[in-house]
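Each of the next two complexes has subunit A plus one more chain, namely subunit B in the first and subunit C in the second.
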Partner chain A sequence: MSVGVATRRKRGTKQPTNFARAAVLFALPAVLVYGMFFILPVVQSFTLAFFEWSGLGPVGDFVGAGNFAKLATDDAFLAAIAHSFIILGVLVLITNTFSLALASLLNRPLRFRGLFRAIIVLPYVLSPLVVGFIWVLILSPDIGLLNPALEAIGLGALQHAWLADPAFALPWIAVALAWQWNGLATLIFLTGFQDVRQDLLEAARLDGAHEFQVFRQVIVPQLAPAFTIANVLAAIFALRAFDLVYVIGGPLGAPAGSTTVISTIIFGTAFGRTSFSSDINMAYAMTQGVAQFLLVGVIAVGMLLYFGRRERNVR
Partner chain B sequence: MSASTVTLRGERRQPVNKGNVVANVVLIIVCAGVILPCLFLVLGSLKQIDEFFSSPFGFPSNPAWSNYAEAWDEGDLGTAFGVSAIATIGAVVLSTILAALISYAISCLRLRWGQVVRVVFVAGLVVPVQLIMLAIFILMRQMHVLGSVWSLVITYTTFGIPLGVLILVGFFQALPKELMEAARMDGAGHVGVFLQVVVPLSRPAITTVAILNGVWIWNDVFVALMLSTSSATQTLPLAILNFFGTYSSEWGLIFASVVISAVPVMIAYTLATRTFMKGLSAGALKE
Partner chain C sequence: MLDYTISRRSLLGGAGALGALALLQACAPAVSGGSSTKTVTAWGNHPEWQGVLEKLTGVFQESHSSTVVDWQFKPNATYQAAVNTALSGGQAPDVFGWLEGPSIRQGAADGLIMDLTGKIDVDNLIDPARAQVEFDGKVWGCPLGAYTVGVFYQRDVFDDNGIDIPTTWDELTEASEKIAATGLTPWAMPAKDMILPYFFTMLSTSSVLGSAGFEELLAGDRKFTDPDMVAGLQLMKDLQPYFNEGFEAQSYAEGKAAFAQGRAAMIIGGSADFAGYQETNPDVNVGVFGFPSPDGGQAVTTSGMDLNYTVWADSPNAEAAAEFIGWFVSEECQQIVADELSIPIRKGVAPLGDTETARIAREMVAAGEPNIPLLLDTIEGGGTLGAVAESSGIFSGGVTIEQLAEALQNSMTTS
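Coming up: the complex of A and B.
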């Protein structure tokens, strides 16, 4: 040990240059790839949002904030934002009730805990495509499971072509997303539960607190970091959702545009809503992308501040 | 089932309470809510079309294994499986190597501005793919790789690097510096230290990165949908979506193709559940 320290000190004079050059060489490949295919596209997106450009041919005129002004009167885009926020609401609700409760159950010393946990996390690992088709299978009026199940328990009158009804399609998509998201949310809370200090629990119980009081006043405050992460990630997951929504609602947000979300609208603006359409507008799609980025950023930072204050209040 | 097992496992000195019984019951119901839909998907993949109507909840009377063969042929899933495999494996290998190299530079070679570089890379995790995919699409078109599997490999590699940097920098920093010093004293250069000390000691972290990136890349629809202009870039999820459009009432075939796409992920998840748990919570907690 002492030899090592001595050597380090002795070599200290000539190593830095050697280290510095090697460090740059080791970092270079990743920096080049990331710079070219990530940083550059981010910059381009922000730039192109201020121009007029369909996507083919040379970039058109500089239109300043014109594309952004267009957002404010774009009913389809505003509707998609509203839909995304409905999904966000459902996910946040599920996260802070259902997922939290599940995690508290999973935190008990149960024999099949590991198995339960593996099964509950599973949906988050499945592809959105698989999850989408699972829910198409459940809700389909032709081959579905929900309608026959309603029939079987005597509620046949409630049978419905769920995904063909604009009033129900979006809520069911939110349920499907929640079914998938719950896996990660539960895992985040469970990780939080494992950091809860046992001595404080014991102390509260000795003081005669009910289990609910212990939960509310001792456990929940200590879970503050988990609340922060789970809610921020839920917001990001909800506001960026694409794959599953696309599988169920398609590029047009079927039925009748009731299931468009921000990401599917952007895709449609960039590549046309149908294969024959000519309403392609790449620059405007980038504007919508920037708007989504800012929206996600504002919501995420807002949540970080809100939950961060709760975290500080605990200490 | 639960009452007796809880008694046996009294080692946490929690009194045997009704709470654990209730917990078991609730968890079994919730797990059924996860497993049953998946099971119906698998059962559906083995049904003839009329069985969907005659016995929606039943097992197929005569499992139609031919659904799988037919879906595989009709949907040209073999080609798509190959594209997905090349894109996923290529991108996982490349992004893990690139991320490991730069993480080594940041955490072991004291790269100048290392912490800034680290933040810039990790920030990539919160930039929406939607924002930059359009620009990447244009870039790929300019580079004339649109329509080749390279467009997928390059894009997925790039998107895989941030998670790699996030997990590997933290892990490399915690490695004992004495071992690296010792290797240097034995005459190893930076490459030698990296390959003979850092990489072997970091296998759990490297596996985590590879699995997490591999799963999302295999599952991805969005990037592939953006970049796909020919059958050479049609990944498995896209092939299934197309198949769904073409054979929209052949439910047995559609579900067989969906099950095929889920099999690799299910195998990985079953074999490496712990790695998944650690990786998911590590990724989430630091993001």
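Coming up: the complex of A and C.
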């Protein structure tokens, strides 16, 4: 008996060490792959931002913070940041209004609810390139769907070459991105609705609260974690947008540079802004990439802190 | 009964041998069709040329049976990016091209391409082609064809409406007015990537300069900001009402397709574009004229090189690849180029056939005397293209013609 106890004690004391060793061994391959294919390139990018390098041949001279100084006065890059923030604003607005309302609707016992949910989520599953082409086709002045639709409902006077007008092109791109993003945002809120406590809803209704009060005072506070996830991901989605924007606005952010965003500027700097261009600067593109990384990081962390505090207040 | 058990040592040994074999296979040069056949991989930027290029390589292989050429195509808009990425990753094809301009020099300076001195018959290259690939006392590559840019027009539209080929800027504007009056769009001017507006500015300013003026521009004696040059730039702005609706957001490819389908009467186009028009519309019935001068003088065209093909410095099939590129200068290759593809880069070769491509090539040659090199060729960093590309606000009023002229002049850092 005493031997058995001793053995158990011995095993008991060794267990954490063995467990830790096993955990490290299991995690090691993933950590190595992550380090090799993510951490290392990111560190290299940071390093290259301090050098001159076109992207071909050997890396040039060390230029210190020269590339960052250039960035601070680069009107095209600053305009692209402004455009990205406009998209961010539209996405956050759509997320917290339209996607939330849609999730609330789809949470009700509707007929064909599963089908509706699938339709709503579908745009997010599509490639951003495909979504871009769809919207180019919708808005084209030659073969588009929107202008004939306006004509058909008696609003022909509103027909327009939407993507050729600097005043409309970026808002339409934001709408296209929001159309795609809405799928995931709605899904996140739907998941949140599953966690809403039914007893609190019933209690509120018994106390005489009408439906809007129930929604605002009982449901919305309980959706706090969903708000956090949806808004932070919306910010990341907006500030990193590339494919869809590139398809619609092209390498120059047509028309007249009104649709450049951070990622399209980085691509143009790295690989040339036109199909005949040989003017490339990989080191400066890295600098822009570092700036984007920091910007996304600061915004995401800031939002996490803000929404995290809201979540704690709800609890 | 036989016992087929395998010991762990045998198993590990076998696995090791298989691994070594796999490694050897991976390290072996790309060889197919037997040990004596080399497969040379070549990257092109005109998917629409695939048929003609395969015909060309078929002719090459008749005299070089040990070499198989595998053409792969990257869209023109992302071609340079794909090449740069492949070079950076050490996975470049045996043969790839550089966009005209200084990039090939950078590639040579960085040791990315093979010295082909003695392998390319440069004496038979036309001068603009030779200037692209011969520098620092060495030969680094060879273009397959050249291109000449002029004004394509719908022959039926001009004939049916009694419109003559314009010989002055005023006539060009009048022709645009007449066509607009018929309800057809006079000009396809896709400006999403500013390539065609760039070619327009090069043509309109070249029509002011002529050959002598072009040399003066290079020497710094003429400037884009001179009043007559600004007028050339202003012409594009004056013709803007005749451009297709939504042109600011239309891509080069979409614009070309619209013209080929007859949805516009004129488009600035290169000799290489005709194959694309035919692919979009096999019945396309177009002609080409040189850009008219301001006051009835000689019309002009402007020329550049298609890709300058080179051999990757680390190519495992370098010799075969060099032979393939060297063959580009041959008469048999350039005759096919002239008849079916583009403007030949070998001296003395002219389109012979009765194909539509040959007719267009002949019209191009006839249309452009003087045929002025694109400034892209001669300016470090492709500065003039960048200047026009960054001035896309000229159509919306965000950039003035004077600012565009200033930007063009500032980009003139002669090599």
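Note that the second predicted complex is superposed on the first by the 279 of 315 C-alpha atoms of A that agree within 3 Å, B and C clash if a C-alpha of one lies under 4 Å from a C-alpha of the other, contacts with A are read in each partner's own complex, and residues count from 1 in each chain.
Throughout what follows, a residue touches a chain if its C-beta (ideal position, glycine included) is under 8 Å from a C-beta of that chain, and two chains touch if they have at least 3 such contacts.
Everything quoted here is computed from the prediction, not taken from an experiment.
Overlaying the two complexes via subunit A brings subunit B and subunit C into a clash.
By the touch criterion defined above, A:V33 lies against subunit B but remains apart from subunit C after alignment on the C-alpha atoms of chain A.
Looking at the superposed arrangement, the partner reaching more residues of subunit A, out of subunit B and subunit C, is B. Look at A:M286: by the touch rule set out above, it reaches subunit B but stays clear of subunit C. With both structures placed on the common chain, the touch criterion links A:D142 to subunit B and to subunit C.
Once the two complexes are overlaid on the shared chain, A:L305 sits clear of subunit B and of subunit C alike.
When the two structures are aligned on the shared chain, A:G272 is found in touch with subunit C, with no touch to subunit B. In the superposition on chain A, contact of A:A254 is made with subunit C only, not with subunit B. Once chain A of one complex is fitted onto chain A of the other, the partner contacts of A:L158 are absent, as it touches neither subunit B nor subunit C. Shared interface residues of subunit A, touching subunit B in one complex and subunit C in the other, are 55, 142, 267, 270-271. On the subunit C side of its complex with subunit A, the touching residues are 76-81, 84, 87-88, 98-103, 106-107, 109-112, 191-195, 198, 245-252, 258, 263, 376, 381-383, 385-386, 389-390, 392-393, 395-396, 398-399. Looking at the complex, you find that subunit A touches subunit C at residues 54-58, 76, 140-142, 161, 163-166, 169, 248-252, 254-257, 267, 270-280. On the subunit A side of its complex with subunit B, the touching residues are 1, 4, 7-8, 19-20, 22-27, 29-31, 33-34, 36-42, 44-45, 48, 55, 102, 105-106, 108-112, 114, 116-130, 133-135, 137-138, 142-145, 148-149, 179, 184, 187-188, 191, 211, 229, 233, 236, 240, 242-243, 246-247, 262-263, 266-267, 270-271, 282, 285-286, 289-290, 292-293, 296-297, 300. Listed in rising order, the residues of subunit B touching subunit A in the complex are 2, 5-6, 8-9, 11-12, 14, 19-20, 23-24, 26-27, 30-31, 33-35, 37-38, 40-41, 44, 52-53, 56-57, 98-99, 101-102, 104-106, 109-112, 114, 117, 120-121, 124, 126-132, 134-139, 154-155, 157-159, 161, 165, 178, 181-182, 185, 190, 194, 215, 218-222, 225-226, 237, 240-241, 244, 249, 251, 254-255, 258, 261-262, 265, 269, 273, 276-277, 280-281, 284-285, 287.
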